[in-house]
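Letters A, B, C and D mark the chains in the order given here, with residues in each chain numbered from 1 onward.
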Amino acid sequence: MSKLLNVNVGSVNLKSPIILASGTCNFGRELAEYYDLSILGGISSKGLTIKPRNGNPGVRVAECASGMLNSVGLQNPGVHYFIENDLDFMKESGAAVIVNVAGHSFEDYIDMVTTLDPHKDKIDALEINLSCPNVKAGCMTIGSDPEAIKAITSKLRRLTDLPLWIKLTPNVTDIKATALAAQAGGADAVVLINTLMGMRIDIRTRRPVLTNNTGGYSGPAVKPVAIRMVAECAQVLDIPIVGCGGIADYKDVIEFMIAGASAVEIGTACLVHPALPVDITADLEKYCEDNGIELKDLTGTLQRW
Amino acid sequence: MSKLLNVNVGSVNLKSPIILASGTCNFGRELAEYYDLSILGGISSKGLTIKPRNGNPGVRVAECASGMLNSVGLQNPGVHYFIENDLDFMKESGAAVIVNVAGHSFEDYIDMVTTLDPHKDKIDALEINLSCPNVKAGCMTIGSDPEAIKAITSKLRRLTDLPLWIKLTPNVTDIKATALAAQAGGADAVVLINTLMGMRIDIRTRRPVLTNNTGGYSGPAVKPVAIRMVAECAQVLDIPIVGCGGIADYKDVIEFMIAGASAVEIGTACLVHPALPVDITADLEKYCEDNGIELKDLTGTLQRW
Amino acid sequence: MATRKEYRIKLISKELLNADTCYLGFDCPEIASSCIPGQFVNISAGTMFLKRPFGIASVDREKGTFNIGVKVVGKGTEQIKDFEVGTEVDCLGPLGNGFDFEGCDNVILTGGGTGVFPINFAYETLTVIGKNVTVCEGFRDARQVILNKDGYILTTDAGDMGIKGTVIAGLDTLTIEDPAKTLVCCVGPIPMMKAVSAWAEEKGMKCLVSMEQRMACGAGICLCCTVKVKDDGPDGYKNVRCCKEGPVFDSREVAWS
Amino acid sequence: MATRKEYRIKLISKELLNADTCYLGFDCPEIASSCIPGQFVNISAGTMFLKRPFGIASVDREKGTFNIGVKVVGKGTEQIKDFEVGTEVDCLGPLGNGFDFEGCDNVILTGGGTGVFPINFAYETLTVIGKNVTVCEGFRDARQVILNKDGYILTTDAGDMGIKGTVIAGLDTLTIEDPAKTLVCCVGPIPMMKAVSAWAEEKGMKCLVSMEQRMACGAGICLCCTVKVKDDGPDGYKNVRCCKEGPVFDSREVAWS
């Protein structure tokens, strides 16, 4: 693969900026049927918790204009099962291993990081999910409060040398404040953005389409919000940003990088076209060659008016 | 026109729930070339300020997936010019007259309401815009802070008997808090939502497409966020809600009303199809007849799971 | 070997089966050569953001074509129904686990609604590989009857065609000779599948059912499409993916709700 | 009287003018019967959310058809170029203020780029109403030349066709007999319109220019498309709507930047 796509997220070197977003690739195994995962920069695991979770009942997806709502609710086999059954597969895929860590309380996150740290040789970064809108406690509740973000990040910082990427929610008044809190707590990077909280109603039944009532909005429709947040944070942060939200082609990747992202995650678009990263990777290589640049040189080159 | 479409927003009776959203219909004059404005429930004027404003320079629109960003920046002829030249036209249109009030400081809003109050016989409601993302001070800055919202609303409350509709921004962590603050300050209704802050970058020039760098996102893409916010607020508010954001057909109107809206505003969709309210009105009449209901009975009928 | 599994396929035929159901033929040798009954495809539906899943209804392996049957229930299916012959659409497939006919001599295929489509493909396949096949299909009334074939047992709720009653009334007319060697496959609405499962289990026959759930990816990566299966864990059930572990499940595994 | 002004119109002809520019004919008696040169239409561009504005390039009032010329510059124009004859699209029009030819005997039409489309419509109209018309068009090089007609003065930057230089070099070959009765109309890139305005003003001729700005509605209701005109207010300029007060402006009113 072309070296032109090489990027760094802090100390983590990725052979391409393309990371599969958490919750949209499971642990990579199913996608290995579709293409060779080693072309990827990284894979972010489904959000993991200490205990296995069945997630939310009933209908979990509601289609929207240029996107969808999901209310999966962190269904996962639990971190112990993951370590025994999926971690090696991810490691051997050839993509960087990002483990997405969720929880309901400070203790949960601490437990998770303590459990994962001994496997650091197989893990490239921990992505601390402070932003899932589909569970009652933890996640987004912590992730909307700068003080709580700083507190939990610094607690986790003391528990591991693994790079800590804090994944933030866009459902806040001031994304700079939450991103700066993560930085102050010792984060190695922030991941922007998780889903926007939304709802759809079935007008025949007068009930929410999602059995969880609300869900997380993702897909091309959220891209302008994500780009704005990445660009805002790039003006104030010293740590790198991983951009995410609505990426559907190579131009979107470039847009995120110009806005300030060092790497990107692709989620919903891969649900519609599982092998999309193959095309995007090829297009990015061509873009770099045509323009005679290395992709990483794009990061933060936005020229504001 | 069918009585089945009659709705009330507090003391304001509207012959139809359809209001043209501020900034997407100017003062109605241009649209009168396209259809008879008297079919409308109301018209919300372009956002007005004490002094005339030229708005933002350069490119003011950037297309996005299922929507657009705008950065008009409250270009308007000033409230005095409006009173002399546009208010009578609006009054005579046959639609309820909603005057959208903007400003940069508490004093501005006070000035505006004091200036408009003497014309109360021609005005059905004042829509206090605490949510425009395209000006440097005022508006969204005030509108993200519940304390400031409560303070300004109660100040304005003392200055006029006209219904005060507070238009809120979705760019906040907790829309219930800002809506409750408006209610506590004495608002007669809240209008949800104004635009989501977004950005688009031209990857060739590496500059924001909008010369104002950021803009407000509107259109079908924001509907799930708007519906969620209306439904959230409907659970806690005692005052009525005017729903807004992404409405493009009669089903969307019904979705907003089920979520909790007493009336709705349509903005961006009318930029694409100026005469759209004609179709939506006819479709709503048919819906009411087919289902044997009065439209207002839909408000807040959402049955959560 | 890795394959994208996504194809740009051309609509080559379209036929109306009844007022709101149409039968579409597509050209796609890759899918036609490898799919088995019970599997489905995920196809793009005009302007809709997500693809839509449909069971494969018939295959011509030589011509490299396959059919699906589409009942109009919403915006996506409406657009699919309006596709003109010659239209090209994105299609992911074949997806999911189909019916496993191994180890049985006799197969009873039963279903209703859009379930008759995968039943049709199963029937075509089984008659070729030479199993004893019985088909029993249930419909609301005579006007709903589609893809009927000579020798099928038919039931209608309205009683205006075939046996009056549900498919159970039809199945009850059968004499089961060797239940251990007989497989029941049912595709239809949940109440029908529940009733048929109970009927089959009572008679000592294995029963496969095909579950439906709203899907996003169809490829097992989003966990949006889960159905409940029995489990002795703390919740008493486990959520598994309809698109990946299913859509076909052993009826005894399903945690019916 | 109120009219929706939005029509579902059919593409009836398509022609490639050069590598990235095509000429499209649409059937729409309402627009064809009422439009004047300088006005534009706003047409939907495939999957794009907003419509796209294009100057009317030619009209056949009897047949009820009109033409636009479209240069591919992005996603929307790419899709428009790929429309097949027979495609139906949403179209709003005619929009904006066209050229006012009142009170002049001679008209000099000048422009370049996609500006040659409204110039073409103006030429057709003026020859019918019997004014003295001179046309001078400028292009980058010979390959860019489109819609050229006998008698037109042509300039190219490259000098491989017509006069070498900008349109000013072409205009300078003209002898202006009665400047007070001569109107200059220019449609082209901003630098060209600025230069032509200066040229005309210096010679004492009135000059109309057609401005471009990104539009959302095209109907005057969103204020997204403003251009600066001179004003003695505190800002020294006033923002007015290109789609409503324009796109045609008197060159002396424009606050060139």
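We adopt the following convention: a contact is a pair of C-beta atoms (placed from the backbone, for glycine too) under 8 Å apart; a residue touches a chain by one contact, two chains touch by 3 or more.
Computed from a predicted model, the values in this text were never measured in an experiment.
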item: Target subunit D, source subunit C, minimum contact steps; value: 3
item: Furthest chain, CA centroid comparison against subunit D; value: C
item: Interchain centroid distance [CA atoms averaged], subunit A/subunit D, Å; value: 48
item: Whole-Å separation of chain centres (CA-atom averages), subunit A against subunit C; value: 36
item: Whole-Å separation of chain centres (CA-atom averages), subunit A against subunit B; value: 34
item: Junction residues of subunit B - those touching two or more other chains; value: 64-67, 219
item: Topology of the chain contact graph, where touching chains are joined (line, ring, star, complete, other); value: line
item: Chain-chain contacts as defined at top; value: A-B, A-C, B-D
item: Complex interface listing, subunit A residues touching subunit C; value: 23-26, 30-36, 46, 52, 54-55, 59-61, 63-68, 70, 72, 75, 219, 270-275, 278
item: Partner subunit A, residues of subunit C touching it in the complex; value: 2-6, 48-51, 90, 92, 213-217, 219-226, 233, 235, 237-239, 244
item: Partner subunit B, residues of subunit A touching it in the complex; value: 58, 62, 64-67, 69, 144, 171-174, 196-201, 203, 205-208, 210-214, 217, 219-225, 227-228, 231, 246, 251, 254-255, 258-259, 301-305
